[in-house]
Structure formats: structure tokens, C-alpha cells
Amino acid sequence: MGPHHPSTHGVFRMMVTLDGETVVKLKPVFGYLHRNHEKIGENTTYLASMPYTDRLDYFCSMTNNWAYALAVEQLAGLPVPERAEYLRVILAELTRLLNHTCLAGFLLQDTGASGTPLMYAFREREKILDLFESLSGSRMMCNYQRFGGCRIDATPEWLAAARQLVNGYNAFLDEYEELITGNEILMARTQNVGVLSPALAVNAGITGPMLRASGVDYDLRKVDGYGYYPRFEFRIPLGDHGDTYDRYMVRMLEMRESIGILRQALDRIPEGPVMDPKAKIRGFKPKPGEHYGRIEGPKGEIGFYLISDGTANPYRYRVRPPSLINLTILEDLCLGHTLADAVIILGSIDIVLGEVDR
Amino acid sequence: MTMSDATRPAINAQTSAPLSGPTDADRDELRRHGILLTSIQELANWGRSNSVWPLQFGLACCAIEMIAASMARFDIARFGSEVFRPSPRQADLLIVSGTVTKKMAPQVIRLWNQMPEPKYCIAMGACAISGGPFKQGYNVLKGIDRFIPVDVYIPGCPPRPEALLNGLIELQKNIRGRHIAGPAPVEADSPTAPGEYPVPAFGERDLEPTSNPKLWQPPVIVRPDKP
Amino acid sequence: METLAQIHERLAARFPAATLTLVPNPAPPAQASLLLDAAHAREIAVFLRDDPALRLDYCSNVTGVDWPEKEIVETTRSVQIDPAGGPPRTIEQKTKRLQPGCLEVVYHLYSMALKHGPVIIRLRTGNRSDQITLPSLTPVWRSCEFQEREIFDLFGIVFTDHPDLRRLLMWDEFTAHPMRKDYVEPDDYEWEPTPHDDVLAKAKAHYPAPAAKAE
């Protein structure tokens, strides 16, 4: 299957061996979107890599920006103003809503519910993209975070618009869940399909909602407590069975928690600068050293490993792509299921090819 | 420094000579009397331009905006192109939406070869046009027009859905001016399979060949200011 | 969690034959790392994973790093006293030393059970041309599977006992290792409106006599 196949979410290829309709062997083939992100990152300055991080996981440019900014800030020991930290949390949670909403749409598309669920999802996506656009100037490629803060401050009108969106989001989720979550066809197609055991999930380095659907309580927002997440109250939804339905359900529940975080953040966001006044935009050269910084992206742990040799370019620039590593267990999940189920399992893993191949 | 247009290979000149016959004023006069005058060519082009079926083929970031263009807010159905076909055999339009890597290029050309005539190609986004921001990459093809003919280029990274719609309208205008018998015979086709574009092979360091010389030549640089 | 120095001591006591080096990190968070020798890497990895106090069950990130040969110029200053009784002179002596190149793999380990980390371990190859084999840690942590394949593809490190060592990103016929520092890109230059630096050099190479046309 692939690399041109409507159900592969991009140019992903699987070499599938079938017995009748049952999958007996499945080998993924990567590299059809290998855009040399890391090599380009080593040949440009630290700041010039920021727009490229947008294009890693092109649904979640804001969290990619944050992960990279966080890694560089920790490497160079830069402080971040309070308002910028709040804005980062707001934007990251909006990105989580965006990603999980689109995922639910695409997952339903894969089960054969062609069109309508995806239309609902993209209707909400457009609303969030409007917010991103009015803040950063671009719909998808926001390029918004900087080392030591954010590029542009949010206006009170923007915050009011964000609050309005957040207040209306629960209604959308209610509507969506009423239509889909209890749907008999969805349950029949997804329950007990692609069961992932917790032991295998941990050993294979699965992160994000995939891992938590298998019942492993590991969320970097709680574990690392990066940014201002320790200041917010939220719960981590966990799955019981680790099947495709759990992976869908965990994401729906995570969105409810994200709405809670967004409400708290929008209530408490302080006034102040969004950029550290001492932060150096041009001619930024961190001291020699190395650092691995990571955050909880919507798809899993996204991290950046940087080795600095004291020059303006990183000596080594490495992205830890959650989508690629979550694909490690694709064969284990698909064995014994039909080919149509393999499509749904791939959809529930939630990959973006820009990040898988980089 | 300018690129001289005369040196460009003129193989993709598909637009036919303007039709001779009744002028627009004549037709308006006839229409007032209830007579609709048309030609087979106009009728065919009208039909073709208003039911362009794109191939459901996403490469990278731009594909998401392509999907967004087909969704409720931008609604590509208003222009008759909502029927995204998963099979190239049923599609008229190849939207190259995103970065074409060297590993993917042969597959894109094969898809193009599998599409039936008349077929059109839109290069959507900076990457498909020239490699875009990833131009320095060792695995990135510097523009899909090195291998297949492109009708409309849409710049942007990624282009907004409105830009895609505008590109589609431009393509429709282009289609209305074409000859009914289709494009001129392809000069760039492969020697073994007539009508098809040659598919490059994977080499040890790069694609072989790196471009289709009949379709694309490196532009000639003319620098009158500096010798 | 124990500090890396404590882990180092425990490992040294447990594996006396292994060569372990603590690599310091001058960056502010000071994520220091432990350089293992390739012969004992697998045993130590299993120990780190199963030790009840550490339980590093999650290997997050595997990175390949290329360190080409580097010429280091060291300046030594010595004070020489003039036997004739004049003022002492400072003599600078420059010595050139060739630091051998190597390929390196860095593993970032965390514990999901005990929620701590990172513990960073590194492995180094002998050189960059013929001694490029390292033991694969995929049997210990499955998350290394694709990342080690990627390193094999882009850096050319051969991992022994890897279940499926093929190129991950580039096509199979490809022979080079593009992430190495001395990789030369294929020459597919294209015209640019404002060439400068290396692009200008390429432009001149492609168009050797533009001046004749301009006149």
C-alpha cells in the first residue's frame, strides 16, 4: 500500500503480506518525505531553524516551536517572562484541541464515514486557525516562539476571541460525541482492534495519547512540569484496554481537560512583556555544551537534542519525532487483523509524515 | 540578471490559435433572439473546465490546505472540483501539493503517466515549484517541472485555500482556450512508451537522470550589469 | 534518583572489565553523560533497564553524531630565564595534534515506572572508515529499532544484532551517508536571482562564460 494511497495520511508506504484478508506481515517503508531537516538545521543559525520546525508536524506548529525554543532556552540558560509562558500554554492547548479534533475526523474517514465527520472537524479547525492567523500572521506555519519569549503580544481582543472559542468548544465536543462516540459501527470497528499492551508500549518508546490509552500514566506536563503546567489543575485520562477505541476516547477526554487548562490560563494571564528584554535575537551563540529538551506534544514526546560548539550554528541538531517512534509497533498491532483494520490502526496512531521522515 | 524567455523550451504550447467565426457581438445579437450559438470545441471546453476532477494525492503540508479547500468553508465544489478521485485513471488534475523528494519523484511521474488525457497539473506551494525552503536538501527535487509539465504555479508556503481556488480558476481559463483535440504531441515522452514521460531511476547518489532535458533546461543567465 | 557519578561508581564496581568515562557537559542544565565501551554496552544497558533503583525502561532518543578528524593547535608557554642575566623571556610553542575522528551514538534513557531521568549513555566507534560497528541496543529497548536504522542510513554505523538493518529514509541503491560532515551534495544547481557565497561559486562553475554573452 502506498506511497500514494488515500488512507495513509500522506506518502507512507506499507509492504503488507496477506493471507486472504488477514495481515501476516507488515513492513513500513519511510523516506518519501525526507526533507533533510536535520542537515539544514546544522547549516543554518539557531533562529533560522525555527520556521523549519513548523513544517515538521504541520498540524502542531505551535508545540513544535515551543519544544525547540525550550531546548535552546535550557541550553543557553535563558529566562522567559511570565506572560509568554502563559501564552505558550494557551497556544499549546489550542494546538492540542486542533490536532485531536482533526484526528477524530480522519479516524472516522478511515472507518468509512466519508466526509461528514471530517467536515465538522475542519469547521472547528478553521476557527482555531483564525486565532493563530490573527496572532502570528499565518494559518499553519506560525513561527511564533522565540528564544526567551514570544514574537508578538496578544491583544485583549485576541484573548476575548480565544475565550469565546474555548467557551463554545464543549458544545462542539458534546455534539460530536453524541453523533460518534456511542455509534455502533464505530464500536464494532474499533473495539478490540489493535490492542497494545502496556509492557510493549513502554519498551517500544510509545508516547502521548497512544501510551496513555494503554494505561501507562506518563504525561510530560505532569512528569517534567515544564512551562507553567504545575500551576494548572488537570487530570490525565488513561485507557483500560489499549485498543483503537481507547485511543480515540483518550483523545476526546484530553480535549475536555485542555479546555479546563485554557479557561484557567485565560483567567490568570498577567500583563507584562512577552519577550525577555535581555534576549538576543541576532548573533545568538550559546556556549559549548549539549542539551535534550522535550515537551508533551499532541502526538507524544517531541524533543530536540542540540550540541553547541560555540558558533552560531548548532553542531548537531536532532529531532526526536514522536510519530516515527510510535510507528515501531505498527506491525505488532496489525498482525491477525484484516487489511481494513490496519487502516484504522494506522489512523489511530496519529502520524504526520512531515515528522516521520523529517 | 534576467531569464530570457526565448531560450525556454516551447514544448508545452498547448493553446490553439483563436477561433475564427462569429464574434461575441454576433452571438449576443443571436442570443437576444433566442438562438444559442456554440461550437463543439467550446462545449467540450466548457464541460472540461467546469468538472475538473483532482487526484486525491497529498504530499506534505500543502495537502492539508488542499483538504481545507475542499471542506465547508472554502468549498471547492463551487468550481466543480469537489470530486477527489483516489485513482489516477479517473482524475484530470494532478495537484502536486508539497515537497517532492527524490525518493517520491518517480512515483509522482508514474501517477502522471497513468492519468488519461486531457490532464492538467498544478504545482502547489514553493516546494513543488522550486524546492522552496528545503531547496538545500540533498533529497529534495528542485521543482516538479523538471520532470512533468506544469500548467499553473501557486506560490506560498503553504498557499491559502483561496490561492488554490484562484489557481483553479486560472486553470479553467486556460482550459477554455485549448484545442479540442488536446495538446500538441508530447516531445518529451519516453522512447520506449510513447505518450509517457520517462521515469528516472534511483542512482547511487542522485536520480538518474536528474531532469528531463526535453522539458527543462537550466535557465541561461544574462548579466548585462556585470561581466 | 542517583546522580550520574553514583551510577558510574556502581557500574564500575559491577563491571570491572568495562571502560567507563564520565563526559561532563558545560551547558547550564549539565546533562552529563556516560561513555561506554562497545564490548560491554549490551550488558550495561540490560543492567540499567532492570536495576530496581534505576529501572530505565524507556529509551527516548537515539542520536548519531559525526566527529571528523580535527587538527588541534595547542599553545604551550614556557618562561625561559636568560643565562646572561637579562629579563626572563616567554616562549610560545605551538604543537599540532591530530584528534582522531569517530562516530558516536547518544541514547537518552528515562524511567516511566519511577518517572526520572535522563541518564545519557554514549557509544563511540573506533574511527570513521573501517571500525564502524557498534552493538545494537534494539534487543534491550525496541524504541531504538527505527532510530538505529536511521543512523545506519545517514551516518553509516553498522549495528550488530539489529533485527532488520536496512536504510530507513534514503533508497536502497544510495551509497553515501548524508549526515556526515564531509558529505558532498549532488550537484543539482538551479538558477537563483541573487546568488552569493557558495551558490555563486556553483553558478560560476555551471556557466563558465557568461561574460561573452553579456557583451
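Which chain is which? They are A, B and C, in the order written, and residues in each are numbered from 1.
Here is the rule we use: a residue touches a chain if its C-beta (ideal position, glycine included) is under 8 Å from a C-beta of that chain, and two chains touch if they have at least 3 such contacts.
Everything numeric here is computed off the predicted structure, so don't read it as measured data.
Chemist: Can you check which chain pair, B-C or A-B, has more C-beta pairs in contact?
Modeler: Per the contact counts, A-B leads.
Chemist: Tell me which chain's centre, taken as the mean of its C-alpha atoms, is farthest from subunit A.
Modeler: That would be chain B.
Chemist: Measuring centre to centre with CA averages, how many angstrom lie between subunit A and subunit C?
Modeler: Using C-alpha averages as centres, the distance is 28 Å.
Chemist: Compute the distance, rounded to whole Å, between the mean C-alpha positions of subunit B and subunit C.
Modeler: Using C-alpha averages as centres, the distance is 44 Å.
Chemist: Can you give the whole-Å distance between the Cα centres of subunit A and subunit B?
Modeler: Here the centre of subunit B sits 33 Å away from the centre of subunit A.
Chemist: When you check subunit C against every other chain, which residues touch at least two of them?
Modeler: In subunit C, residues 169-171, 178 touch at least two other chains, as defined above.
Chemist: Note the residues in subunit B that touch 2 or more other chains, in rising order.
Modeler: 103, 136, 138-139
Chemist: So which bits of subunit A are touching at least two other chains?
Modeler: 31, 34, 36, 39, 357, in rising order.
Chemist: Where on subunit A is subunit B touching in the complex?
Modeler: Interface residues on subunit A, with respect to subunit B: 3-6, 10-11, 31-36, 39-40, 43, 51-52, 55, 58-59, 118-119, 122-123, 125-126, 139-141, 353-354, 357.
Chemist: If we count contacts the way the header does, which residues on subunit B are in touch with subunit A in the complex?
Modeler: Going by the criterion above, the answer is residues 56-61, 63-65, 67-68, 71-73, 86, 98-99, 101, 103-104, 107, 111, 133-134, 136-140, 157-158, 160.
Chemist: Contact residues on subunit A for subunit C in the complex?
Modeler: On the subunit A side, the touching residues are 30-31, 34, 36, 38-39, 74-77, 200, 202-207, 216, 218, 223, 286-292, 294, 301, 303, 305, 307-308, 316, 318, 320, 324-325, 327-329, 357.
Chemist: Residue numbers of subunit B touching subunit C in their complex, please.
Modeler: 1, 3, 103, 130-131, 135-136, 138-139, 142-143, 202-206, 210-211, 218-224, 226-227
Chemist: What part of subunit C is in contact with subunit B in the complex they form?
Modeler: Touch list, subunit C to subunit B: 169-176, 178, 183, 185-186, 188-191, 193, 203, 206-207, 210-211, 213-215.
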